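Next come two complexes, and both contain chain A; in the first it sits with chain B, in the second with chain C.
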Partner chain A sequence: MSTLQSSEKLSPYHIVILVYMTQFGVIIFSLPQLLSKAFGTNGWVMNLIFAIIVIVNMLLIGAAYWMGKGKSIFVILERAMPRIMLYPLYLFLMFVWSVLGCLVAKEYVLIFQMIAFPTTHPMFFKIALDLLVFWLMIQGIYNISKSITMLFYLTIWMLPVVCFFYADFSWSRLTPFFFREGQPSPVEFVNIFASYLGYELILMVFPYTDKKSKLIKSSIIGSLLLAFIYTYLCIITFGFFSLRQLQRMAFPLLDLMAYIKFPFIERVENLFFGAFLFTTVATVVMYLWSAQETALQVFKRANVKLVAGVLVIFAYVIAFIPDTLSDVQHWLGLFAQLEIGIAFILPLLLVVVLAFTKNKKEAAS
Partner chain B sequence: MKNAPIRLRRALICMLLLLFMPGCGDQRILEKLGFVQASSYDLGENGQLEVTITMPKADQNAGQRRDVLSLMARTGKEARVKLTRESNLQLVSGQLRNSLFGMSLARKGLLKHLDTFQRDPSISPRVKLSVVRGNAKSMLERNYPNQPIISRYIEGLLQKESMGQNIPVSTLYTFIRDYYDDGIDPVMPVLRNKSDNIIIDGIALFRGDKYIAEIPADDGMVFSFLRGSFKLGELSIHLSEGEPGGDTVMITSIVSKRKVRVSRSAEGAPEITIQVRLKGTVIEYTGGLSLDRPAEKHTLEKQIDKELVKEANEMIAFMQKHKTDAIGIGIAVRNHMSYGAWKQMKWPEMYPTVKVKCNFHFEIMNAGKVVE
Partner chain C sequence: MSNSQTESSLPTLAHTLDQFEDCMDLSHREFPNLGVHAVYLNTLISGAKLQNEVFKPLHDLEPDQLTTLFQQSQFEKQTDDKALILGILSGKAAVFAEEQVYLIDVRGAEGRAITNSEIETTITGPHDALTEQVSLSLMLIRARIRSTHLKIVKLSVGEITKNDVYILYIKDIANMDNVQELKQRISDIEIDAVHDTNMLIQLIDDRPYALFPQILTTERPDAVVSKLVAGRVVGIMDGSPSAFSVPSTFYEFFSSSDDYYQRWMLGTATRMLRFFALIVTVSLTALYVSVTTFHYEMIPENLLMTLVESRSRVPFPPLYEALLMEMTIELLREAGARLPTKIGQTIGIVGGIVIGQAAVQAGFTSNILIIAVALSTIASFVIPNYTMSASIRLMRFGFILLAGLWGNLGIAIGITATTIHLCSLISMKASYVTPIAPNQPYEWRDVFIRAPFNLLKKRPTQSRPMNMTRVKPKR
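For the complex of A and B:
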C-alpha cells in the first residue's frame, strides 16, 4: 500500500460527509427535469424510492463488510481465487471508475463553459480541476475525507438560499396527481439513479475503518442526508415551475439560482455554480482514488504518485472524446449502467465468496 | 523536506495561473460592451420582426446618454447579429431588464419570440415583459426629459405598481410558467405613452401565448384579489356608483387572502366559489356613516363587499366571454378531481360555461385618526 496512507481510521462523522459529498454531483442540476420527464407530476416522490434502493444496496455491502470483518475487498477476493483470475475484474473496475470520474468532471466543466466562458476550450478548465484532484487523491483516504469535510462546509451554506423561492412556490402547482404525464423507461431510471451513485465506493474504504467507524450506519445516514436534500430541492423546483415548463428545461436548478436577486447583486448563479465545483471535486476524487486503489493491487510495487498521475492523464485523455454536453450525458448514462451493476454484483460476489470460504474453513476444521 | 515550501509555492503559482488564465480566453472589456437594457419587438412588414434595443453609452459626454438601434429581421437573435454591425460595441444581453411587445405582435403570439429568452443562459428569468399599446419601438425611441434611462424608468414603474398589486408581476419566468401550466393563462401589463411619460394602461389577458383582451388598470386591484393572496395594497372604491354624489372610500395596507372552493352541481359540472377575505385601513371616507360605531362600520364593510362582488362578477364574466383563465380557476378545479376526470373535462372548453360565485369579506382594521 501507499506510503502516504495514514494508519488512522475514519470517524463516523467523516464517513457521513464523505458519502454525502461523493453522491452529490452535477446531475442535481438536471435531476428535477429528469424526474418530471420520466415520472411526470410529483416526480420528486421517486427520490424516496431511490433512497430505499440505495439503502438496500448499502445493507448488501454491509453484509460483505460484517462477514469479512472489515477486511479489504481485495484480501477477501484473493483468498478465494488466484490473483491472475482477478486481474480482468480489477482492470474493469479501474476503467469504469476512472472514466466515471472524468465524465462527471467534464459535465461540470461543460456547464460552466456554457454559462460563463462560451468560447474558451473546456479542457483548459479541466486541467485545473484535474490538478486539484491529483493532489487530493495522492493524500490517502483519511486526508481526502478531511478535505472533503472542509469542501462540504464550503457548499452547504447555499441551502438556506432556497428560502428565496418560497414566495413563488405554490403547492397547487404540484397538482394532486402522482406520476402522470411522464414517460418512464429503464434508461431514464438508470440516468436518474446515476445522481445517487457514489455510495458504492465505501466498498473501497473497508480497511480504513474499525468498529468505531460504524461504516454502514454512517454511510446510510450520509445517503439519507443526500436523499433529504435532493427531495427538498426537487419539491421546491416542482412547485416553482409548472410541469410542462420543467420538462423542457435542461438545467432547472440553474434557472432557479438565476432567479435569486439580492438588493446589491443580481445574476448570482455564476457564483453559486462556482461553489458546486467543490462537490464535483469530491465525487471525482473518490472515483479516481478508488481506481487508484485498484490499480495498486495490479501494480503492487508502483509508486502511488505515478499511478495517480497515469490515471488522471488517462481520464483527461478520455474526456477529450465526448465533446458536447449531450455526448457526455449519454456516456454518463452508459457508465452509470455499468456502475449500478458493480454496486450490486460486487458486494454479492463478496458475500458468496465469504460464505464459500467460511464453509470450506468449517469443513476443514 | 527543505524544498517543501518552495514546492508548495510553485504549486500555488501554478493553480493561480490556471485560475486566472481562462480570463484571457473569453475577454469582456467593459468599454467595448454594449449592455442591452431594454428591447422591443413589433410586427413588421411581410411578417418580419422589427427589433429595437437601447443601451447606455459609455461616453456620456457625447450628448445623448443612450443608443437606440432598430432594424427588421426574422428573429430576435438575427437582429442582434445585424445590430452589432451598426454599433462599435459588442452587444450583450446580461443586463436586459425589460422587453416590450407591440400589440399587433402580441395578438399573433409571443412564444416563438420568447424561445431565445429561455435558451440564452445570459438572459435573466427576471426580465420584465409588457405589451405596448400601438408601437413598442416608438416608446423605446422616444426621449423622456425627466427620465434619461428609459429601461430603469420602465422597470421602476412596473416594480412599484406590482408591489402595490395594481398590476400582476410579469416576468419571463411567470409568463412561461403560466403558459405551460394547464389551469391558468399568462398576463402582462399594458403600457402606453402619455405626453412625456409612460403610463400603465391595463392588464393584457392571454389565451396561450396570444393577447386576447384587456382589463382596465383601474380594476387591477380587484384582479389581484381574484388571482391570489397578498399583503400590501391600496384601493379606492366608489360606493353606490352611478348615483349622484356617491361616496368614496380609500383603503390602504390591504391584506388579502383568496380561497377557491370547488363543488359539484346536480349535473356534475364544477361550481366555483372564490372567497376573498380582506383587511385594511380606511384613510379616506366621504360618506355619512360613523366608523366608530360597530354597527355603522359593519354597514360600510357590507357596502364595500357588495361593490367588490359586483366588480369581480363582471370581471369574471368578461374573462369567461374571452375564454381566458387569467386568475387560474382551472388550477383549483384540477386539484379537486382525479387525473382521468380532469383530462376528460377539457377545461378550456368547459371554462366559459362554469358557474363562478364571488364572496368578499372586508374587515376595517381601523379608520385612521378621526373619531366621529
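For the complex of A and C:
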C-alpha cells in the first residue's frame, strides 16, 4: 500500500530503478571510446562480459543477503567481532564512498563546464549539485528511491531519440572482426568496469527490504537493464563512427547527439547533458547516503542531518583537489579499483562471518 | 473567551440574556399566560419557520397542554448552558418553560442561490456548484448519492467562530483510518477563526511549508461524488463554496470532470495536453532565457536570424527582459482578478495589446519573448486547479532565475529540486506522487490517460479503499 511509514520496505520495481540509476552515469558518453581503445573492433561486446561479472558479484552479495536473512551488514559484522575493531573498516568505507560520490559529481560539472560554461568555475556548479544531494540524502532511502524513480522517467525519454541515428548507422563499420586494434590493459578494464559500479551499494539497503522486495533478483534485473542500454548505445555509436574516429573522440555519444536537428532546435546534446544531472544526482546521493549510513554506525548518537552535512562538505572540499577532467578521471580509476575490491571482498567477508557464526552457534547448541 | 462560556452549568433565562448583553439582534419574546419565554437571534432565523414551529403552537395553547407540546420531536431539550448558547448562535430558538429549556431549529436559509462554478467550468456535464450555505451543498451531494452508506459527520473549527465542518465518506469504501485521521486533525486545530476551506486545508495538511497544495479542493458536486466513490474522504465547511478531498495526489490536480464526460480519446488527449501545459509553463520562458544567454548554438540558423533581429534593440540581458515581462503578465492577471468583470476586460486589452506591442516597439523586449511569456501564461491557465496553477506559476520564476544563472543546467537543477520536493510530500500520510512512486501501473490509465470506463475497474490505491473493485460496466 502506498502509506508512507518509516518501516516501509522497498518494492522490487523501485529496486530495479534504484540499481539502474545508481549505475548509470555520465561515463556512458565516453564508454564507446574506452571500449574501442581497449578492445578495438566490436568492443561493445565486452558489455556482456562486464554484465556477467556484475551478476556474479551480485550473487555473492545475494549469498550474504540470504545467509544473513536480510539483516544489515553492520549487524552481521558486529555480531562476529567487537565494534572497535570494525571502526577502521567503517571509516575506510565512508571515505571511499564519499570520495567516489564527490568525483562523480565533479566529473559531471567539469564536462558541463567544458561544453557550455568555459569561463565559470566548476565548483560554483557543484554547490548547487551538492545542495540537491544533501536535500535528498537526509530524506531516507524510501524517499530517495521515490525521487530516483521520478528522475528515471525524466531521463528514459531520451532513449527513443537514438532512432535518429538509424539512417546513418552502418553495419559495415562494425566490421566482422572482434577485438582487433585494441590495447587491453588491467587499468583500462578497471576504468570501463567503473561505469558498472554502483550496484554494490545494495549491500546498504538490506535492512530496508523484505522477502517481497526480491532484492537480488530486482538488482540483477536493474543491472541487466543497464547492460542492455549500454550495449544498445555502444552498438549505435560503433556503427555510426569508424573505429579510428571513436578511439580519438573524448565523448563520442555527446558528439553523436550533436547531430540531432529539429526544425526549431539543434545541438540538443546540451539539453540532454543537462538531463544527465538526474542520473548523476542519483549516483552521488546513493554513494553519500551509503557513507552516511556507515558514519551513523561510528557516531551512533549523531544527528542524521549533521552527518549528511559534514559528508557533503567533505565531498565538496575534496572535489577542489583534482583540478582537471583528466585528474578526476585518474582519481576515479584509482577509487574504482578500491570500490571493486569492496564490491567483492565485503560480501565475501560477510559470507565468511555468517558461516563462522553459524558453525559457532551449531557447536554451542 | 469568558469563563462562562467554557464552564458549563444548567441554563437559565437570566444567564442566557446576560451572555447576549449588547447583542442588538437578540430577540426576547414572552408569553405571560403560559410563563414561556422565547429567545433567538433575529438575524439568523427564518421568520416563517419561527412562526410555524414556535409562535403558532404556543399561541393556541392552554397552560396544561405545554408538556404535551414539548414532547414533540422538534423541541430538543437542553440541560447544558454551553450547548444552549451555541444552539442560539447557530440559528435556533430557545424556549424557556417550567424551568426547562428547549431548542427548536428555525434557521433561515438566506444565501446565494446555486450557480455555475466560476473557477471550474466545464463544457459538458452538470454546471451547478457548491455554495457557501452548507445545507445546500450537502443537498447537492446527497441528491447524487442515494445510498445510506453516505455518512456525514459534523465537527467544529475556530475557537471563536465555531464553524461547522462536515466530513463525508462512503461506508465500506472509504478507509476508516483516513476518516479518523481527518477527524483528529480537524479537532486538533487551535485557531481563532477559519474562513474558508482553502484555509482549513492549510491547517490540516502534512507539510505546511510546501510549495504545492497537498489537498485537492473543488467547487463541483459531481467531482465530490467521484472522489467519494473512489474511496476518498471529503470535507465541506459552512460558509465556503469549496469541498476538499483526502488523500490527494499531484496528478489529480490535472484532471477535470470534463475528461469523463467526453469520449475517452478526447479525455485522454485533453489530459495529455494539460501535462504538456505543465512543461510549457515551467520551462518555455526559462528555455528562452537559457538559450539566448548561454546556448545560442541550439537555435537553427533560420530561426537565429529572426531571434537576433528581434533582440537587437533590447538593451537588457534576457533574464531581466523575461522577468520584466513575466512580472507585467502577473500584474495584469492580478489586476484582472481583483476588478469587476467589465473593467477586467479593459485591463486585458490595455495589457495584451498596448503594453505588449508598445514594449516591443519601444525596444524593451523582443517579439519572441512576448510569444514565450504569453504561451507559458496561457498554458498555466490550462491547469484546472487554480491553487496548483498559481503554485506552478510561482515556481516558474525560480526556473527563470536558474536558467539565467546556469542555463540548461539551471533548468535541470530546477527540475531535480522540484522532483525531490514533490517526492517528499505526503497527503494524509500517503505518497503524493502515487501512482509513479509507489509504482501502481494499473492506475496510470486514469492518471496520464483517461481509459474507457470498462477498463477502470479498480479504485485508486492511494486512498486505501476497503473495497478495491468498482462495479464493472457490462461492456
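General remarks:
The rule is simple: the second predicted complex is superposed on the first by the 360 of 365 C-alpha atoms of A that agree within 3 Å, B and C clash if a C-alpha of one lies under 4 Å from a C-alpha of the other, contacts with A are read in each partner's own complex, and residues count from 1 in each chain.
Rule of thumb we're sticking to: a residue touches a chain if its C-beta (ideal position, glycine included) is under 8 Å from a C-beta of that chain, and two chains touch if they have at least 3 such contacts.
Here the structure is a predicted model, which means the values were calculated and not measured.
Using the contact criterion defined above for the overlaid structures, shared-chain residue A:212 touches neither chain B nor chain C, since it reaches no partner. Touch criterion met: A:245 reaches chain B, while chain C stays clear of it. Once chain A of one complex is fitted onto chain A of the other, the partner contacts of A:254 are limited to chain B, with no touch recorded for chain C. With both structures placed on the common chain, the touch criterion links A:360 to neither chain B nor chain C. Touch criterion not met for A:83: it reaches neither chain B nor chain C.
When the shared chain is aligned, chain B and chain C each come close enough to touch A:117. Within the superposed three-chain model, A:69 lies out of touch with both chain B and chain C [touch as defined at top]. In the superposition on chain A, A:267 makes contact with both chain B and chain C. By the touch criterion defined above, A:139 lies against chain C but remains apart from chain B after alignment on the C-alpha atoms of chain A. Overlaid on A, the two complexes show chain B and chain C touching the same residues of chain A, namely 116-117, 125, 128, 132, 135, 261, 266-267. The residues of chain A lying in touch with chain B in their complex are 41, 114-121, 124-125, 127-128, 131-132, 135, 168, 172-173, 175-177, 180, 241-245, 248, 254-255, 258-259, 261, 266-267.
Residues of chain C that touch chain A in their complex: 294-295, 297-300, 303, 406-409, 411-413, 415-417, 419-420, 422-424, 426, 429-431, 433-434, 436-440, 461-462, 464. The touching residues of chain A, when paired with chain C in their complex, are 1-5, 11, 13-14, 112, 116-117, 125, 128-129, 132, 135-136, 139, 143, 145-147, 149-151, 153-154, 261-268, 270-271, 273-275, 277-278, 281.
Within the complex formed with chain A, the residues of chain B that make contact are 11, 14-15, 18-19, 21-22, 25-26, 94, 121-122, 124-126, 173, 176-182, 331-332, 334-335, 338-339, 342.
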